[in-house]
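What follows are several structures.
Two complexes, one shared chain (chain A), two partners (chain B, chain C).
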Partner chain A sequence: MAVFTATRVRRRATGVPPVVLAFVLVPLLAETFWVFWPAIQGFYLSLTQWDGVSAPKFIGLGNYREMLGDSVFRTAVLDTVLWLLLFGGLSAVLGLGAALLLQQERRGVGFYRAALFLPVVFSLVATALVWQAMYQPDGLINKTLEGVGLGSLTHAWLADQGTAFYAVIVPALWRQIGYVMVLYLAGLKGIDPVLYEAAKVDGATRWQQFRNITMPQLSSVNAVVLSVIVIDSLRSFDVVWALTRGGPYHSSELLSTYMYSTAFQSLRLGYGSALAVVIFLLAFGVIVSYLVRAFREAD
Partner chain B sequence: MITSPPSRRGFLTGAGAIGAAALMSGCVASSSGGSGSQSSGGPVTLQSNLSSPQAKSAMQNLVDSYNKRGSGKAELNTVASETFRTQLPTYLTSANPPDLLTWYPGSVANSYAKKDLLLDVSDIWSKPEFAGYSAAQQRLCTSSAGKKVFVPATYYWWGVFYRKSNFAKWGLQEPTTWDEFLGLCDKLKSKGVAPIGLGAGGNTAWVASSWFDYLNIRVNGAQYHRDLLAGKHRFDDPEVRKVFDRWSEALPYFDPNGTALAFQDATTALLQSRTGMMLIGTFFADAAPKDQLDDIDFFRFPVIDPEIPLAEEGPTDGYFASAHTRHKAEVKDFMRYMATAEAQEIYIKGSSGTALPTNPTAKDSGTALVKKGRALIESASDVTQFFNRDSSDALQPTADTALTRFLAKPKQIDSILTTWQRDAQKIWSQ
Partner chain C sequence: MTVTQPSAPTTVRKDRATPPRSRANGPVSRKWATAGFHIGASALSVLWLLPIVLVLVTSTRSFDDIAANGLGSLPHSFTLDGFRQAWVDGGQERALINSMLVSVPTVLLSLLLASMAAFALSRYELPLRRTLLLLMLGGNLLPPQILLIPVSKLTELLGLYDSLYALIGVQVGFGVGFYVFVLQGFMRAIPAEIQQAAVIDGAGPWQLYRRIIMPLARPALAALCALSFTWIFNDLLWAITVLRTDSQMPITASLLNLQGQYVSMWNVIAAGSVIAAVPTVIVFLRFQRHFVAGLNLGAVK
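Let's turn to the complex of A and B:
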């Protein structure tokens, strides 16, 4: 009897219970069916020429070869990189700044935090509609400029190829800063106050405290913020589409909007899929290279 | 903190979902070729893209009145117009498709007919419901293989719209020739208004194509225009260049906000007398206050070359049926009803009222404006549809890019046309 229970116990310790197996395998199957398989299909479509109606025609790497000579693709890549730097860089810096300003519990600080976070809860398309109204030739921004005597600066902000790109970044930033701020606020809350006290005793300046305590302590949050920013930059679509559709004549074209218009407006689904693959590789490359570096540092 | 993985997963699922949907439609298309079963049962489904509240209820009235006749049963399924546009290929290739769909005749319907996706309805065209339909309409509904694949229901017209009270106040006359038109622009400019409103900003860049269409059919004729859009001529040909030379003459009179305002806002500018006139289709009336419409009149796009027969843009809307429908006889019965004067009057009464019936015996809404519009199209020697309808929705973005760039940088016209041709070639060649 005792031997019997002992083997049973041992079996329970080493074998994997079926419930656990089910918990692993069922989601894996679902993931395979709904994510991996379609993703592989996407790769396959990028090697074809397809209008969505007839059968896809296999053309090998033809779509990728076309990309090399496609000036709109070049514009879209450059704009996406610029978007990553401006949108990503500014939202990280301003989000961190806002978090540092608002981390201390003071009277009314909750109001400011809420105000900065509020844009995050709005749908981006709704946000874009409001900004579109403000950017109109007789909208709020031009009226304000005229009101303060800067009438010469008034502009058709979204219709001018020189300003459209930046006019689209502003609403995107307006939203992202609040989001990044919340991430940093959570990170700042996790820093042990004792560290700052010790630094103060040692006579560290505020800059030294920031440089040598705050930033190193925030390194894990930085990793999250970086991934969020890179992913959000590369998938930025709704706000651009709602405001300019990548226009006027491709001046605010991102890879994501170019992919959409190629696939679903021009019905060149093969080339659109190839663009999607490029976006995927870019996002994947940036994230993996960062993670590899982060893990190496941790070791 | 937790938000990072879901956003990545969301991205992947999104990409995956697109792939899956695409793949499924691919499977369906390959497996459904032989299914022609006539198994009846269940009502005929009419998939409609008329999603504005007024048009939607007008369609419902139409379906209700058909059901009341007792010859068959139909069911309306309204889909948001943008969804409808992107999903149309999937609807048509599906093995279990919606039976009847709202869409466009001409080259758009023909491109689907060439892929055997549309039901041949030649037999119902010999029925009495279709007796008075003009030769032009018959041509429009016939595929390149000579089969009738479409039933037209309504159309509308394009014209240069203006406010009667303003023209009277300033002592201006409707122009008939291009020179008179440019003279009119000069006078309007001297009154301090922007002579020509456009409305190609926001999400309605396609409105600019109306100028290209009209200039091309006035300078080179309707047949050249259709051939050009079908890829039989090139956008960098000297004929197309002539179109832009004419356009350049009128360009100084365009409202500088032309590419910044959507057509709805440009309509407001016209009604508030900030612009003098505007080339637009009658759908603009849907967005305009009803009491101001009485002050609105229009004139025919001016004649440029008197040798060229006068064609007009009269985009036609109607229905085609999927070739894979399980209710062939029932669909045809429903389509015959849609062609009757009774059905078209029911729809026009319920909708905004500027649409015209394709059945010549059907009554329109009877306002002076609509009567003038109907006379315009009936007197036209040829009727074109619109840029995207005479080519394809896929070609439209190439025009939007080229024309907005021309409006901003008219001096770069040569490189604009080269790029346009290159972009269009990619669409034609697939």
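Let's turn to the complex of A and C:
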């Protein structure tokens, strides 16, 4: 059977017109040139010391050894993991909540969905600036706190080491929740209503219906959301860069911002590459599981 | 479903008991539920739209008003001065042109290349078909950080550093894998009979692509168009990696310059943010359906 299919494929393959091969090869070459080849270089550069001017000097695992003693790196790793949990977890939970609230087609629901979704189309830089204005000492958030008698809670939100990290997460969430909501709305739409009717006849409570029908039926969407969230979290850069540049005193430093400032401001290109490799390793598991799922679907 | 079975007998009893009651206060309680839904959902929407309203209001206030009354106060002035300053002095006009010069060719070129590859991979039994497909998708999933340093050096080597061509090149190269994956999934669902009929009529691969598959793939192409435009338009990282001169920067990077240049002139910064957001909001409102469809196409199910 296997032999049969193999020969059949080979016979067909030789029958593929050259134009069709070119159709695949041109985009593949473009991606090889701009992605695969640079990625290989990136891995190599992580084993070197380089200022970008003289030739890179091979130092083996020296950069990785340096990380062990680098306190900023430790902060960045912890912040990245915390970012993943908070930004990822909250956007998944709140996105699902919003989708459950707005799943039923009824009057006005289109407007509510559009309102929650609108921030998704803004760039993260514009999002950051909008929130930067809200966070100012004389901005809306402090004014509101004073207005409701919580004046003691007012803060220089972005300048305070204790709050900067969380102040940066909020705008990122504001923008991500609408996106996750759209993914879940599509998933909820795909659930057969007969399942709920059967459950109602059986006297299942709302919570039982959610636990025993909605969640299992959403398992594939959950997997998608998980991949999207992890990949997006590790890529998060713009919003942090625009609001705090990772400061004050690295309190909102993520691996992505630390990598960028190490490479392009301190011009330590070897160490920056090694930091990028760490980001890659963190993303690796998710990328592979995403590809495995894609592989199954490509059949 | 098996889990809910044990409770079945009790329901029957309850069912028999409920009809008269639910007929009595059903419409009333439903009205309350509807009101509760609208109150909750409106509150959420207001909360979500509040930052947008705030930035719109701030952008039309005068600097003196903000300085005197504070950023969080109600407006005491109305002027479009902030927009003028951001547009003319802040270089947003140039930046918006740059953004368009990058985004439009990038969208067209990446979708052209991706549709060609997707056509070949979905309609022909190429050797290593699935491997190629996943390789291309895998490239798009890489964290861009691993590519930043080599790509910036590569553009220097090519003499493209600090030019918009570099930005177009890297955006096409990085994005194409994802578009190929989405489009091939869509094209694979087109029935083989359509293609066979055209082949019998003597159509070559080029005609098949141009006259049969592309028109049928239009919904997916429209969705990807709307989606990729916003992605490329909103990008910051690639722009600040391959560009240096302020006059070359697209709108996102230029907003950061504005932020540094007009510190605490919030009317100008707010106006700049509004200008930067307008094009993608137009795309979203105009192509809302395609846009949402695109997001869901992107999710591997």
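Note that in this section the second predicted complex is superposed on the first by the 255 of 299 C-alpha atoms of A that agree within 3 Å, B and C clash if a C-alpha of one lies under 4 Å from a C-alpha of the other, contacts with A are read in each partner's own complex, and residues count from 1 in each chain.
The working rule: a residue touches a chain if its C-beta (ideal position, glycine included) is under 8 Å from a C-beta of that chain, and two chains touch if they have at least 3 such contacts.
Computed from a predicted structure; not experimentally measured.
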{"item": "Partner touching more residues of chain A, whether chain B or chain C", "value": "C"}
{"item": "Which superposed partner A:L100 touches (first chain B, second chain C, both, neither)", "value": "neither"}
{"item": "First, second, both or neither for A:V228, with chain B first and chain C second", "value": "both"}
{"item": "Partner chain in contact with A:P248 - chain B first, chain C second, else both or neither", "value": "first"}
{"item": "Partner chain in contact with A:V81 - chain B first, chain C second, else both or neither", "value": "neither"}
{"item": "Contacts of A:D202 with chain B and chain C, given as first, second, both or neither", "value": "second"}
{"item": "Contacts of A:S266 with chain B and chain C, given as first, second, both or neither", "value": "first"}
{"item": "Touching partner for A:V35 - first (chain B), second (chain C), both, neither", "value": "both"}
{"item": "Touched partner set for A:W131, first chain B, second chain C, both or neither", "value": "second"}
{"item": "Partner chain in contact with A:L90 - chain B first, chain C second, else both or neither", "value": "neither"}
{"item": "Overlapping contact positions on chain A, where the chain C interface meets the chain B interface", "value": "34-39, 41-42, 45, 52, 132, 136, 183, 186, 221, 224, 227-228, 231, 235, 263-264, 269, 273, 276, 280, 283"}
{"item": "Chain C partner contacts - residues on chain A that touch it in the complex", "value": "9-10, 12-13, 16-17, 19-21, 23-24, 26-28, 30-31, 33-39, 41-43, 45, 52, 98, 101-102, 106, 108-109, 111-112, 114-119, 121-126, 129-134, 136, 138-144, 174, 178-179, 182-183, 186, 195, 198-199, 201-204, 208, 212, 220-221, 224, 227-228, 231, 234-235, 237-238, 241-242, 255-256, 259-260, 263-264, 269, 272-273, 275-277, 279-280, 283, 287, 290-291, 293-295, 297-299"}
{"item": "Residues of chain B defined as touching chain A within the complex", "value": "1, 3-4, 7-9, 11-13, 15-20, 22-23, 25-26, 29-30, 86, 89-90, 92-93, 112, 115, 117, 201-203, 205, 256-257, 259-261, 265, 392-394, 396-398, 400-402, 404-405, 408, 426-427, 430"}
{"item": "Complex contacts: residues of chain A adjacent to chain B", "value": "34-39, 41-42, 45, 49, 51-56, 132, 136-137, 156, 158-161, 183, 186, 221, 224, 227-228, 231-232, 235, 245, 247-250, 261, 263-269, 273, 276, 280, 283"}
{"item": "Residue numbers on chain C that touch chain A, as the complex places them", "value": "1, 3-5, 7-8, 10-11, 14, 34, 37-38, 40-42, 44-45, 48-52, 54-55, 58, 70-73, 113-114, 116-117, 119-121, 124-127, 130, 132-154, 169-170, 172-174, 176-177, 180-181, 184-185, 204-206, 209, 230, 233-237, 240-241, 251-253, 255-256, 259, 266, 269-270, 272-273, 276-277, 280-281, 283-284, 288, 291-292, 295-296, 299-301"}
